[in-house]
Structures are given as C-alpha cells and as structure tokens.
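Next, two complexes with chain A in common: one pairs it with chain B, the other with chain C.
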Partner chain A sequence: MSALTFTLKYKPAQRVDLSPLVCHQLADLSLADIGAILLQSGKLKLRVDELFTIEGSDTQDIVINNSTDNLDFIGKELDGGRISVNGDAGAYLAFGLKSGEIKVSGNVGLYAACEMKKGYLEVSGNAGDFLGAALPGNKMGMKGGTILVKGNVGERAGDHMRRGNILIEGNAGDYCGSRMTAGTIAVMGRTGRYLGYAMRRGTLLLWNQPTLSASFNDCGAHTLAFLPILFASFKSLNSRFADASIAFNRVQRYAGDMSEMGRGEVLVKL
Partner chain B sequence: MIINGVSIDATFAEAFPMKATRAIITAQNEKWAMISAQAMTGFATSVIACGCEGAIERVLDPSETPDGRPGVAIMIFAMGGKGLAKQLETRAGQCVLTSPTSALFSGIDGGIRIPLGKNLRYFGDGFQVSKQISGKRYWRIPVMDGEFLTEATTGQVDAIGGGNFLVLAESQPQALAACEAAIEEMRKIPNVIMPFPGGVVRSGSKVGSKYKTLGASTNDAFCPTLKGMTKTDLSPEIESVMEIVIDGLTKEDIDKAMRVGIQAVCDLGAKNGIKRISAGNYGGKLGPFHFHLQEIMA
Partner chain C sequence: MLIKLTGGTVYDPASGIDGQQQDIYIKDGRIVAMPTDAVVDKEYDLKGKVVMSGAIDMHTHIGGGKGNIARTLLPEDHRQDPVHRSDITRSGCGHAMPSTFVTGYRYAEMGYTAGFEPAVLPINARQAHMEMADIPILDKGGYVMLGSDDYLLRMLTAKKDQKAINDYVAWTMQSAKAIGVKVVNPGGINAFKFNQRKLDLDEQNSHYGVTPRDILQVLATAVKEIGVSHPLHVHGCNLGVPGNVQTTLDTIQGIGGLPMHLTHIQFHSYGTEGDFKFSSGAAQIAEAINRNKNITIDVGQILFGQTVTASGDSMRQHANHKHASPNKWVTMDIECDAGCGVVPFKYKDQNFVNALQWAIGLETFLLVNDPWRIFLTTDHPNGAPFTSYPHLIRLLMDRSFRNDVLSTIHPEAQKMTSLASIEREYTLQEIAIMTRAGAARLIGLKDRGGLSAGNWADITVYTDNTDRQKMFEKPDYVFKDGQLVVVDGKVVSTKWGTTHVVRPDYDPSVEKGLKDYFDRYLTMKLGNFKISDDEITEDGRGSITVHPLKGEVA
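Let's look at the complex of A and B:
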C-alpha cells in the first residue's frame, strides 16, 4: 500500500482547517469519501478534492505535498499513524497529538504541538511562538512525547509544559520554558530573555550560557548521572541530538524561578 | 551413576515457588558498586530468618549499565511479593542510597512493577526531581555527595528457590575446595544466585526439631560427627558435607547451574576426596519443583 498523498493544487486565499485529515478518522473511508470531506476555510467549506489531488490508499501513512503556512491544525489529536508534511505548516500543527508521528520538512506556525499528549513531532525548519504550550487560559501545555525542531523556535516555547521533551537544535526566543511545570527543554543554540520565567519545576538544558533573571540562583558545577541516560534516549533520532559527541554530564546548575516554586533548573554545559 | 569416581545419588532436590527481582547498582568504579551490592545482599542467606535470599548475580561492564558506569547486578528472592517489595525497598534505602556515588536501576523490564526508588524519593524532602526518560521514571534525590539517581520501579517475576546439591568428601578442605570450584562455574550462569556465604552452606537443615519452638534443625543424617549416634546417611569415609543452594528465575536456569556445579565437583573427582553428590528434599511432598540429579547429569 502506498501512502495516502494529498497534493495541494493551489494556495488557498484563506486559512484552512485540516483537522479532519488525520489517520484515525480516515481509517475506513474510500478515496471518494475522503475527497468529499469538507474543510473549513474562512466562511467557506471546501471539499478535500477541490483543494488537493488525492493518491494512494494507506490511511495510516499520510503525506501532504506542497503544504503552505496557511494550512492549520494538521494532525490535530492524531491517535496513531504517521503524517509527513512536505513544505510549511500553519498554526496548531499536532494540536493535542495523542500518539503517532508527524514530520514537517519546512517551517511551522504558532502553537505547534500545543497541549500535545504523546507521540513525536519533527520540524526540519523553524517553529513559531508557543511551541508545545497551552492554549491561552489553559494551565497545562505539552504533557508527553518528544518535539524535535532542527531550526529556531519563537517565543514562549514550552509555556506551561507539563512533561516530555522539546529538543531545539537552533535558537529559542524570549520566555523559553516560561511557567513550566515539568519536562525537559534542550536548546543547542542561544536562548532569549526571561528564560524559564515563572517556571515551577522542569529542566532547561543549554549548550550556551544564557542571560538569567535575578530570580535564578547558582547551585554550582556538577556531574549529573541522569544526563547520559537522557542523551542515550535521543540516539534513535534523526538529529544532532543523537550524536554521542554532543553529550555531556558536567553542568552549571541554576535553580529557579525563585519568584515561583523554584524547583526548576537551568543546566548549562561546562 | 558414577562420574570420575564420584557417585551421583538417585535422588532429587526439592524447590519452591518464590518471587524474585533484579536491580543494577552502578558507581564511580567497580569497587564502590561492589561495596554497595555486598551491603544490599548482606544478611540475605535464607528466608527462614532473613526475610529474603539475595546475592550478587554478576559484575556488569560499563557498556551493559544504563548510565555507562561500572555496575553489579543483584537478585533478591522472597516467598511473596509483599515481602520482596519490603526487603527491596529497605535494603535499597539503607545500603545503596547511602553508598557513595551509587545509582540504582531496574534489572527486569517486564513483570509486576514494584517500588525501587519510588518511595526513597521522599528522602529528598521536596528537593527531589523526577525525570521520565524513554517511558521509565527516574528520581534524582539530592544527597551530600551530589545526586542519587534511581529508577522508580523494577520488575517482580515468578521464580524458584531451594535448588541444591550436597558435596560429600573425605575431608573438610576437600569438600570446600570442591564447592569453591563449583561456585566459580555456577556464577557464570545468568539468572541464578547462590545466597549463602561464598555460595556454600555447611549447616544444611531438616524440617522440625526436638525443640517445639524451632521449625528447622541440623540435618543430623548428614552430620559426620553423628555417624554412630543417629540414622546416618553417610558412609564411614565421609568426614565433611557441604551444600550449595540455588535460587533461579526458571527451572531451566537452576538445571543449568546445578549441571555445571556438579560437573566442576566431579572434575576434581575421587582422587581429590570427593565421594558422593546428593541432594536435600522433603520426600517430594512440599515443593513442586524436583531436580533429579541423575537426570540433570545424564
């Protein structure tokens, strides 16, 4: 069986909600049924076959070709299966992802992996603000799984994050790890201002010395036993994080945010 | 059956169902991993009075341990799951948490999950940190030498305890030398432990006693000094008997350990004073697992 492939015919004028095109919702549908699904685009409802050329039959392996940055909610609440996006993705990519794998070859918009529960998201380009965060007003962001971004991420990455890993090969914007409750965010590049703002628990693992707020206290240099295990868990990833030569276990430990619970930590490679 | 002049009795060892677990202790170097492992498996020779039976299974190469440091695998056996969990937790808390540079990991992935460091985390007094990595939960507990890293749980599996064989020799040094040779070979077999001191027990017991308060007492039929006083099972030339007790995860594991152990004893043979191999049982009425010596050595 070849992958069920949606090739975008033209860039739609309005943003399009692609949330119906997820593996578990297409499982028992014929190509004709899939083509007849209506997608919300502004005030309009567009048929899938009006927007996409549809090929292939494996509903558990979806490919979206020619994807653009106004295709929102790709892989919303995906519960098993795989989605590959060739091109960019809009906002709310992998929203509430439950299980399965989503890979994007380009850049992704705001709120990628927002309130993700489990599974794996890989972005080869950059990600917008609020990566792995909670919806405005909600208290729990990402609750599990792994996000890998090979480029840079915007502001508030991991806002209200509860569990899981966010791995960033590039730079992170301001407020990275803000209001984190737990989990791990690793940033190989540089981080912006207000790192870990109001974080309660969790780990920010950095390759470069950040500019820290006064509410983070230096706990000294340490060799931490859990780091080799953490790095070993990245071995299977298609990423620089899988390279054994980048692993380390010697860090400077900063505790914070002391203006909040203060059980979080910023670990900086020594 | 006679192997190299050593007579193999037509009898069997009688063993019982137990619950078992394995833990991996790592440290800065093998010396400190071993110290911690020895402490954790100390006073764990017999469930009769120790609450569990435990021993070091083997030394692990750094490439085999979760954190890439030198390590030691230990196994603990108990009659029930509750007792096993209690012993494991108490020993982990007093012997591994306290041991410099140590870390503690699960040695069995499947089975029923029982607490390893799950409750030890409270020692961290709120400063402990949880990390979930590849589906496993770890606890980082701040201690005075840095951080104690422990996996939250380990696996409890069904197992067998009480496999055994007796070495009957013409002298005490010869019996001990034969047992040492056996233990050296048996320690190469995975999934088994020999919980007695050095793997060898010199005070094999029988069920019951003339004293009402005791459930077990010396196995007088195999005591060489009582040859003329009791219904002995020893011929005149036997001057010393020693026993090796084996706990293992499966019957096959114990079979294998008994085979290599008895073979090592027989390799020394009659010329080194080894006369007979026998085994302890209760007439086959108590334990569901029977290890027939002659079948094992066939």
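Let's look at the complex of A and C:
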C-alpha cells in the first residue's frame, strides 16, 4: 500500500483546520469519503478534495505535500500511525499527540506539540513560540514523548512541561523551560533571557553558558553518571544528538527557580 | 393579538391553583381574563401538559466582575463547551460560567424567565448591569452588597443613628439600581484587609471594633424600615467551616425576629461529629427554620462535577484556595467596598466531604416544611452550574432515584446522613412555589410568578413525565412577556427582559458626607457612581421596572 498523500493545490487565503485528517479518523474511509470531509477555514467550510489532490491508500501513513504555514492542527491527537509533512506547518501541529510519529520538513508555527502526551515529533526547520507548552490557562504542557527540532525554537519552549524530552539543535528563545514541572529540554545552541523562569522541577541541558536570573543558585561542577545513559538513549535519532562526539558528563549545575519550588536544574557543559 | 393556551393542567400557587385544568389568555404580553367576544389569533392545545409560570432564580451569579475573573481564570471551561451561532441566537461558550448570551438561552431553555444577581458591589454595579444587559430573554435584578464597606463600618464606629444608616442604604440601592441588599460574611471581608483570617459572629473587626452581629442587626433593620420587600440577603459568617451550624443558629436567634434571608445555607450547616470531624447540621437548621417564620433560605445545593466558586467572601475563599481544582485561584480586595475570590472546584462523589455536602443540601430541602420559605438554588456556579436544576428537581421529587444516587456516594458519608430515611417527595405544586410564586413573593415582584389575569405572561409548559429531570430539562413552550421564545427546549426567538428595581426614599443630605468620602478614598467620583436610568434603557433594549415598597399601593 502506498502512503495516503494529500497534495495542496493552492495556498488557501484563510487558515485551515486540518484536524480531521489524522490516521485514526480516516482508518475505515474510502478516498471519496475522505475527499468529502469538510475543513473549517475562517467562516468557510472547504471540502478536502477541493483543497488537495488525494492519492494512495494507506491511512496509517499520511503525507501532506506542498504544505504551508497556514495549515493548523495537523496531527491533532494522533493516536498511532505516521504523518509526514513536506513544507511548513501552521499552529498547533501535533496538538495533544497521543502516539505515533509526525515529521515536518520545513518550519512550524505556534504551539507545536502543545499538551503532547506521547509519541515523536521531528521538525527539520524552526519551531514557533510555546513548543510543547500548555494551552493558555492550562496547568500541564507536554506530558511525554520526544520532540526534536533541528532549527531554532521561539519563546516559552516547554512552558508548563510535565514530562518527556525536547531536543533543540539550534537556539531557544526567551523563557525557555518556563514554569516547567518536570521533563528535560536540551539546547545545543544559545538560550535567551529568563531561562527556566518559575520552573519547579525538571532539567535544562545546555551546551553554552546561559544568562541566568538571580533566582538560580550555582551548585558547582559535577560529573553526572546519568548523562551518558541519557545520550545513549538518543542514538537512534536522525540528529546531531545521536552523535557520540557531542556527549559529555561534566557539567556546572545551577538550581532554581528559587522563587518557585527551586528543584529544577540547569546543567551546562564544562 | 390574543393567544389562548387551551386545557393545560395549571400549577399556580400564587392564586392557589394546584393542578387544575384551565385556559389561559394572553394579550399584549400579559395574562388576561377570558374575553367575551374577542377572536383568538393563536391557540395552543395544552391538554395533558403541565403549565407553570416562568421560573425565577432568586440567587444566581450571572453578572459582576467575579464572573469575568472566573472566565479569565478558566479558559478550558470555555474551550471545552463551545456553542455555535444560529440564525436567531449568538455564539458563546462555557459550562461552569457561560457567556452572557448562552446564559440567557440556557436558562430560557429550562423554562426560566428571570435571574437575580445576588452580589452587586456598589462600585462595580455599572459593570454588573451592563453584563446583565447582555443576557437575552431573562428579566434580571441585583442585590447590592453592603456590610464590609468602610463607609458603613465608619458609621457604626461613629455610632450614627439608624436613620442615617437607612438613608445610606436607600441611597446605595437607588444609586446601584438594586432590588435587594445582600451582606456577605458581615464585616469579614473588611477584617481580611486588616489581616484577620476568620471572624465569628461576635468577634470584633480589629480596626473598627464592629462585630458581624452589629452589622446584621443594623442592615436588617434598615432594609425593613425603608420598606424593601426582599429581606436582608445574608451570606453568613464561617462559610464552609465545620461547626458553623452553631454560628448559623446564633445568627437566626440574634436577628431578633427581623426578616432575614439566609442564602446557600448548605454551606453553613456543618457540624463536627464523627471520625472525620465533619457532620450534617441540616436537621438543626431545618428545625430552626421551621420555628422562625421570619427566616427564609435558599439551599446552594452542590452537585458532583466541575464548577467554579465565585464569591465576594475573600476571607473564606482565601482559606479554601488549597482545595482549588484545577489548582489555580484568585482572591482580591475591591477598593473600600468588599473583596472577591474565585476558586475552581470539582465536587467528587467519592470524596467524603463533598458527598456529605451533597446530602446536607438535600436533607435541608426535605426537612424544611414550608416551600414558601425555601428556594431551589445551587448558588450558580458555586455548588453547580444552573443547568443542573432539572437533575436537582428529580432528586427532590423522586425518592427511589435519590436513594439510588445516595447508594453510590462515599460510604462513610452515607452513614453520616439521614437522607435514606426521609420519605418526602416534592410535589409539582411545591416545585412551582419554590421556583416561581415563592421567589416572586420573596423578591417583591409584582405581576410576576403567577398566572392570574394581570400578570405578565411568563409561562412555561412541560410534558408530564415521571422522569422529572427529562420533564424540566425540555419544556414544550416558554413564553416571555407573551412572546413564544422556546419550543421543545430550543430557543425559537429572543427578546430582552427588564431590570427589576426598587426605589426607597432617602434624605438627600446623605450625599454630603458621602461626597467627601468618595473624593478622599475612592477611584470614582460620587456623580459617576450613581447609575442613571438612561444607562440601562438608552440602547433601546433594556428597561427598568420599579416595584412598590412595602406598605405602598401597587
């Protein structure tokens, strides 16, 4: 069976909610049924076959070609299966992802992997603000799984994060790891201001010295035995994180945010 | 246009009609006597249907700042419950604290035609009225909140006479466009600002030296003397504190026979017996209510599920914040007036305290004998959203259903309640009293809550069903001021209700002291504080209905 492929015919004028096009919702549908699904776009409802050329048949392996930055909610609450996006994705990519795998070749918008539960998201370009965060007002962001971003990410990555890994090959914006409850964020590039703002627990793993707020305490240099194990777990990734030469086990450790519970840690490569 | 409702079974306690088949005629928005020669333009065959006047919720938080704080605090409450627009209704959202338009539609779709906001802060009254002006279909009104305002407490400290306090209360009611006066944790909200974290009935405010008992006494007297029909609406001391049943009994005794309405009394009926030091005081409370004819109550029933508590009682909300679920909360002081606390709650049937709270509310309903002095509320949204009323009515009217639910709650709570042994089932007439005639009488609404000629035609028609929840969830027809607004539980047309007020007299010289106070301490000038009629009516959809004071001829 070949992958079920949606090729965008034109860039729609308004944003489009693509949440119906997920593997578990298409499982038993014919191509004609899938083509007739209505997608909300501003005030309008557009038929899928009006917007996309549809080919292939494997609903558990979806490909979206020519994707643009105004296609929102791609892979919403995906529960098993695979979605590959060629091009950019809009906001709320992989929203509430339950299991399965989503890969994007381009850049993605705001709130990617918002409140993700499990599974794997890979972004080859950059990600917008609030990567793996909670919806506004909610108390729990990403709860599990792994996010890999090869480019840079915006502000508030991992806001209210609860569990799981966010791996960033590029730079992170301001407030990276803000209000984290637990989980791990690794940033190979630079980080912005207010790193770990109001974080309670969790780990920020950095290759470069950050600018830290006064509410983080320097706890000295440490050799941590868990780091080689953590790096070993990245081996299967298609990423620089899998490269043994980037691994380290010697870090400067900072504890914070002391204005909150203060049990979070920032580990900086020495 | 003359409308005839033919052959319905009418429950109209206001004129003593208990389930008799009769016709009702509607002309120009009002119910009229059978015309001798006029032609009926539209007839509805209601044979076998139950006809009541439109229901009145006499205590529901539908306007005022705390609602918007709750909405801001709980975006998930709105995200999870979107309501789409239709050709005649507007979009909205929200489960525990719905948006204004959705509030109006949902109330109407249950057969309600009026709702009264019990906590209008004088300083925020304009916002409360503007918010209520956006609630379609329903009539509305507000009780203005006094008792923790610095001006009154200063007057009490300065030993001003009752006449001066009467003038201040009447002036505030007129300025804020109110139909009643409420006091919340008398003096306690103010005491919170002076770092007191509890305040008993006879405990002094550390700054003013005034006790809650003093405040209740002068305010209840003022409300009576200026002639306001609705007795002082009291949210007592020690809300939610185990053992507060004694405070409540003392409050009833202490008022010395003056008319007083004790609101959401379920939250004020807790004892300290048993292994968990938490028990039901409902039997003692009900006995006191039955004995003291000057007291009326509404229950503030809790029902299981997610909601949000929004109260002026910043002292108690602050104390309860650790129970917040989800874990986020707000309490704040509001100028010199009062305070505000918003704490989301999830009442769980497997939680001992919640389960017993549920049983205490029902015990209260069933043990108070006189349905004219008890009112059906959940203190929306504090005990549960108002949309749960049909479920609550079924619990009251159907003993076997009640006992079925009882058998599923926390086992220790089952042991601590006498609910299983109470045989009473409410009748349709008693429901009609609690939710219609009684409420209209309590608030002092003329021409509402009854079906006799001369009343406004607020009418609800139900299909009789032994499943009372189904019956009350989905009325066949709802008429508001003679206009058909709901068919089969769905809004079919909308209109705007009126704002009910009273206008007690005061000595204009009261403003002399107030002006100085406003200039020195408040963010608003006295002239701006007073709400004019135009502000409610000038958009062409709002209107004001003035109700007579006691002793006045209607």
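The rule we apply is simple: the second predicted complex is superposed on the first by the 270 of 270 C-alpha atoms of A that agree within 3 Å, B and C clash if a C-alpha of one lies under 4 Å from a C-alpha of the other, contacts with A are read in each partner's own complex, and residues count from 1 in each chain.
What we mean here is this: contacts are C-beta pairs under 8 Å (C-beta built on N, C-alpha and C of every residue); 3 or more make two chains touch, one makes a residue touch a chain.
From a predicted model like this one, the values you see are computed outputs, not experimental measurements.
Asks: Do chain B and chain C fit side by side on chain A after the overlay, or clash?
Replies: Verdict on chain A: chain B and chain C fit.
Asks: Regarding the shared-chain residue A:37, is it in contact with chain B (first), chain C (second), both, or neither?
Replies: Neither partner.
Asks: Which holds for A:246: it touches chain B only (first), chain C only (second), both, or neither?
Replies: In the superposition, A:246 contacts neither chain B nor chain C.
Asks: Determine, under the contact definition given at the top, whether A:182 touches first (chain B), second (chain C), both, or neither.
Replies: In the superposition, A:182 contacts chain B only.
Asks: Using the touch definition from the top, say if A:228 reaches chain B (first), chain C (second), both or neither.
Replies: In the superposition, A:228 touches chain B alone.
Asks: Which partner does A:135 reach: the first (chain B), the second (chain C), both, or neither?
Replies: In the superposed model, A:135 contacts chain C only, not chain B.
Asks: Is it chain B or chain C that touches the larger share of residues in chain A?
Replies: The partner with more contacted residues on chain A is B.
Asks: Shortest C-alpha to C-alpha distance from chain B to chain C once the two structures are superposed, in angstrom?
Replies: 21
Asks: For chain A, what residues appear in both contact lists, the one with chain B and the one with chain C?
Replies: No residue of chain A touches both chain B and chain C.
Asks: Contact residues on chain A for chain C in the complex?
Replies: Where chain A meets chain C, its residues are 135-139.
Asks: What residues on chain C touch chain A, complex-wise?
Replies: Touching chain A from chain C are residues 72-76, 79, 326-328.
Asks: Hey, which residues of chain A end up touching chain B in the complex?
Replies: 144, 163, 182, 184, 201, 203, 222-226, 228-230, 232-233, 263, 265
Asks: Could you please specify the touching residues of chain B with respect to chain A in the complex?
Replies: Touching chain A from chain B are residues 66-69, 103, 126-127, 129-134, 138, 140, 146-147, 149.
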